[in-house]
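So that you can tell them apart, the chains are marked A, B, C and D in the order they are listed, and the count of residues begins at 1 in each.
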Amino acid sequence: MQRFLNDPDDIVDETVRGFVRAHADRVRLCDGNARVVVARDAPVSGKVGIVTGGGSGHEPAFVGYTGAGMVDATAIGELFSSPTAKSFHDAIKAADGGAGVVVLYGNYAGDNMNVKMASRMAAKDGVEVLTVVANDDVSSAPPEEREKRRGVAGEIFMWKIGGAKAAEGADAAAVRDAAQGAIDACRSVGVGLAPCTLPAVGHPNFSIEAGTMEMGIGHHGEPGTSVTKLGTADEIASEMTRIVLDDHDLPSGTEVAVLVSGLGATPRGELYVLYDRMARDIEDRGLKIHKAYVGDYFTSLEMVGATLTVMALDDERKRLLAASTDCPAFGAA
Amino acid sequence: MQRFLNDPDDIVDETVRGFVRAHADRVRLCDGNARVVVARDAPVSGKVGIVTGGGSGHEPAFVGYTGAGMVDATAIGELFSSPTAKSFHDAIKAADGGAGVVVLYGNYAGDNMNVKMASRMAAKDGVEVLTVVANDDVSSAPPEEREKRRGVAGEIFMWKIGGAKAAEGADAAAVRDAAQGAIDACRSVGVGLAPCTLPAVGHPNFSIEAGTMEMGIGHHGEPGTSVTKLGTADEIASEMTRIVLDDHDLPSGTEVAVLVSGLGATPRGELYVLYDRMARDIEDRGLKIHKAYVGDYFTSLEMVGATLTVMALDDERKRLLAASTDCPAFGAA
Amino acid sequence: MMASFPNAGSGGIVRDIAAVIVENRAYLSEIDGKIGDGDHGVNMAKGFGRAAERIAPDASLSDALSTLSDVLMSEIGGSMGPLYGMFFAEMSETVAQDTHIDGARFAAMLRAGLEGIEAVGAAKVGDKTMIDALVPAVEAAEANRSDITAQLREVASAAEAGRDSTTDMVAKLGRAARLGERSRGVPDAGATSCALILRNLCDGAARRLEQG
Amino acid sequence: MMASFPNAGSGGIVRDIAAVIVENRAYLSEIDGKIGDGDHGVNMAKGFGRAAERIAPDASLSDALSTLSDVLMSEIGGSMGPLYGMFFAEMSETVAQDTHIDGARFAAMLRAGLEGIEAVGAAKVGDKTMIDALVPAVEAAEANRSDITAQLREVASAAEAGRDSTTDMVAKLGRAARLGERSRGVPDAGATSCALILRNLCDGAARRLEQG
C-alpha cells in the first residue's frame, strides 16, 4: 500500500492540524485539547450545544461536520477508536452555551462508554447532557435488536437535523427528539469490495477474495453478513436498496432523503452509477426522493466500497434538512 | 481491481444519468444530447454563458461544477477523452443567453480541436464564442512553453472566477479576461503513488513500482517528470510546494487560494496531512493563505495521489471566489 | 488486373478496417497507456465498431467513409473524433463523384485526408504522431500514381515504416511531450492505428482490383 | 519465599507488562482485525508504551497502575481507555494504602478491577470479551487467597484458559456480534491482551516474592 504517511503514530494529530488550518474560517482547535475541534462561533449563548465524536479514518466524518448549523464541537479518536472520555467532556464544555448539550454519536462499545463517562463529568460541572445514539446500520443486528445496531452514515442526517433544530432555538429535549427521530427514520447498508489498512498495522485487516464482496460490511471493515460473488453495479445497487427498504418498510408515497457515500477509494463516477440504479429501485417501491447526496461523506480509510442511507422525511425534517449550514463537509465550500 | 461496473461501454452514460438524477434540483440533461449537462437556470437571458467540458473519469469534474454562479453547460466525453465537437456545440447553445459564451477548458489535443470546431459551428449560428484554455500544470512543459502545459485542477478556480464574473453581469470580453487572469494566476502539480485502470482496458495503464512515486504525473496518468523514491508525506508535500512556488515566483505578501485534491483513492485524512505541511511551507515563503480547499475536487478514476494548486489573488478574485455558487461539487451541498 | 477499383460496393473495405481496429483494441490502448492515457484502443474500437454496424452491406467506399467519419465526429470525440473524422470526411468527399478509383484518385484521396487532419491538428513529421505514418504514405501514393498495384503495396509499407520510425522518436506534441527521453522506445499509438488503417485500406483495394 | 510482596518498588512489574503488550502489538491487531477493526494492538501498545515511559524507576505498584490508567483514559480512548482504565484505576486504589500485598489483597485488587470494568461495560462470561479471561482469573485468585504462590500460578493459567475458551465462542457483544458463526475460530483480542496482562502481572509478582 502506497500512501502519504509520516510516522503512523502522528497521523491523527497531523490530520486534525491540517484540517483546522484549512478551515480556520469555520473551525478552531479547543483550548488545551488538540483532539477536539470547535465551530468558530461556538458556544452560542442560549443555544443547545451539539457534540459528536468518533474514531479517525472516516474523513470527512466526524470532524468535517463541525460548523454553524451542524455540530458545535467534535471529539476525535485514534484511527477507528473512540475519543477519550476527556475529549468528549472537553467537547461538551466547548459546545455549552448554557442551554444544555446533546451528544449525537454512533453505537460502538468505546463511544458508549466514553460518552457515558463524559456525561457524568459534565453533570458534575452542572451541564445538562442528553444523548442520542445512532443505530442505522441494518446489517449489524436483526430488527428485534435495533439497539445493538452500529451507527454509520445515517449519523450525518442525525447531525444535520439535530444541528438545524438547535440553530432554530429549540430546547435540549426537542433537539434530542428531533435527532432521535432522524436516526429512527434512517436505515443504512454498506458493501465492501476491497479492505483498508491501518497504517500502523501495515497490511489489511481482512481480505476480500477477488471476485467476491462483503455485503453488510461495517465502517471499520467489520466483516459483512455475507460474502457473495461480486455482482454488477446494478446487482449490487439493487441488493443494497432491497436490504435497506425491506428493513425500513415505509408506506408508499413517503418522501425520502438518500445518501450514497464512497468508503474512500471508490471513484466518484461509480457512486453515480450505483445511485442511478438505486434511485430507480427506490422509486419503484413507491417512494419519492426529495433530496440526494452522492460523494465521500463517511469513509473508511481507503476501503473500496459504498454505503446507502435512506431517511424518511416529514415536513419538519424537510425544513431542517434545507436549513443553511456552513461546515467543511456539508454546505458551502 | 474490484469495482462497481456494469458494461464498461455504458459507464459514462450511467454516471451522467445518475448525476443528473441525484442533482435534478440544480442540473438537467440537454435536450437531444445525453452528453451535455446544463444548469437548471441556464440560459440566463442577458448573462454571458459559461461552458466547459472534458473527458470522464475526473468526477466530480467536470460535470459537478455545473450550476448557478459557475458553469452553465458542460460537455462530457468518454473516459479520459475530449467530448465531441457536437457536444461542445450543444453546450454552447444551451448556455447562450444572448450575451455570448465563454468556453473555459483544459489544454489537451482533443479538447483544443473539438472546441475549435464547436466554436466555428456556433459562429455560424451567430453566437459569439470566446475561449480560455487552462495550462496550470507546471510539470507538463517548461515555463518558456507555458502554452504547451496541460490544464488540471486550476480549471476549478478558472470556472469559479469566470462563472462569478459572468453572474455579476460582466460582458463576454470581461468574463474571458477574468478567467484568463485566474488561470494565469494558477500553478499546479500532481504526484502519483498508484495508477488507475480504464474499466474497458482492465489493467492499469502504467505501473508505479512499490517504493517509488511519479512526481509531475498528469490527470490521466500521463507519466511524471521524474520517478523517485516514495518520500514521507512531509517530503512529498514540501517537494510539491517547492515545484509550484518556484515556478510561480510570487512576491512576498501575496494572498493565495490553495486547492489540494485527491486523485480518487487517497483517503481524505491523508490530504489534510499533506495540507498541514504545504500550508506551513507556503507561509514560510511569505505568502498568505486566504482560503483553502481540501478534498476530491478533480480526480483520475481510482489513482492514488494528489494535486496542489495555488492561485494568486487580488481584490477582484477574492470577491469572485467568495461569491455564492450552487453546483454539486462546490458550494451548498 | 484492373487499373482501378469501383467505388460502389467497396464499403466492405471499411468494415474490414473496422474489424482490424476492434481486434487491436487492447494493443492500441496498451501503447497509448505507456506514454499517454491508454484510451486510444478503447475509443477507436468503439467508434469503428459502431460505424461498421451502420455501413450498409452494399455501401460504396465513399459512403462507408462518410459514415465512419460521422460516428467518430459526433459520437466519439477525443482527439480521434476530429483527426480521423476529418481524415475520412475529406477522403469520402474526394471520391464521392468517382465511379472508379485509380492510382491518381487514390493519391488525391489520401492527400485530401492528410489536409483534413492538418486543418485541425498542427503536427509535423517528427512530432511522434499519426502524421509520421500518414505523410510518407501520401508521398508514396503520389510517387506511384500510374501503377495502382505497386502504389497500394508502397503506401502500406510506407505507413508501416513511418509507424516504426516513431518508436525511436521523442514526442513533441500531445500528452507524451513532456516525457522527453521517457517517450522513446514505444511506437506512437495514433501512428500505429493509422498504419493499420492504411494497410487494410490498401489490401482491401487490392482485392477489389483483382475482382475487377 | 514470602507470603506477600511489597507495593513500593514494584512498579517495574507494570513496565514489564507494557513491554509484553508492545511486543504483541501486531498479533493483537491481527486477531482484532479478523472479527473486529484491527486496532486493538495499535492502541494498547500506544497506551502501555507511553505509560511505561512515565513510570518512575522506583514507582510503587499502585502508582504505576495509576499512571497506566490515566494514560489509557485520557489519551487512548477507544474501548480500552474506559475498560482497562477503570480496571487499573480500581486495582491501584485498592492497594494504594497497602505496604505489602498478600494473597487476600491480590484477590481483592483483581476483584475491584473486574468491578471497575463492569461499571462501564456490560459484558458477561460467554460474550467473547476480556471478561472471559478475567472472571475465571478473579475466581482463581479468590479460591487461592491463602497461598499466594499457588494463587499467582492459578490466576495466570485461569486467564489463559479463559482466553482459549473464547476461540470457540460466537461473539455476542461489540463489533463481532453480528458475525455469528463467522466469529468462531479466533480468540477474542481483549481476552488475549487480558491474559497477557495477568500472566505478566503474576510472573512479576512471583519474582518480587522471591526477592522477598
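Here are a few things to note about the model shown:
Convention: a residue touches a chain if its C-beta (ideal position, glycine included) is under 8 Å from a C-beta of that chain, and two chains touch if they have at least 3 such contacts.
Every value quoted in this text rests on a predicted model; they were computed, and no experiment measured them.
Counted as hops between touching chains, the shortest connection from chain C to chain D is 3. Averaged C-alpha coordinates put the centre of chain A at 33 Å from the centre of chain D. Averaging Cα coordinates per chain places chain B and chain D 54 Å apart. Remark: chain A and chain B have CA centroids separated by 29 Å (rounded to whole angstrom). Looking at chain A, one finds that none of its residues touch two or more other chains.
Those residues of chain C in touch with two or more other chains do not exist in this structure.
Taken together, the touching pairs link the chains end to end in a line with two free ends.
Of all possible chain pairs, the ones that touch are A-B, A-D, B-C.
Contact residues on chain B toward chain C in their complex (touch as defined above): 9, 55, 77-87, 108-110, 113-114, 116-117, 139-141, 148, 150, 198, 200-201, 204-206, 216, 218, 220-223, 225. Contact residues of chain B toward chain A in the complex are 2-6, 11, 14-19, 21-23, 25, 56-57, 59-60, 64, 193-194, 208, 210, 213, 230, 232-234, 236-237, 260, 264-277, 279, 291-296, 299, 301-302, 304, 306, 324-325, 330-333.
Note for the complex: chain C touches chain B at residues 26, 29-30, 33-39, 41-43, 46, 73-83, 120-121, 173-179, 182.
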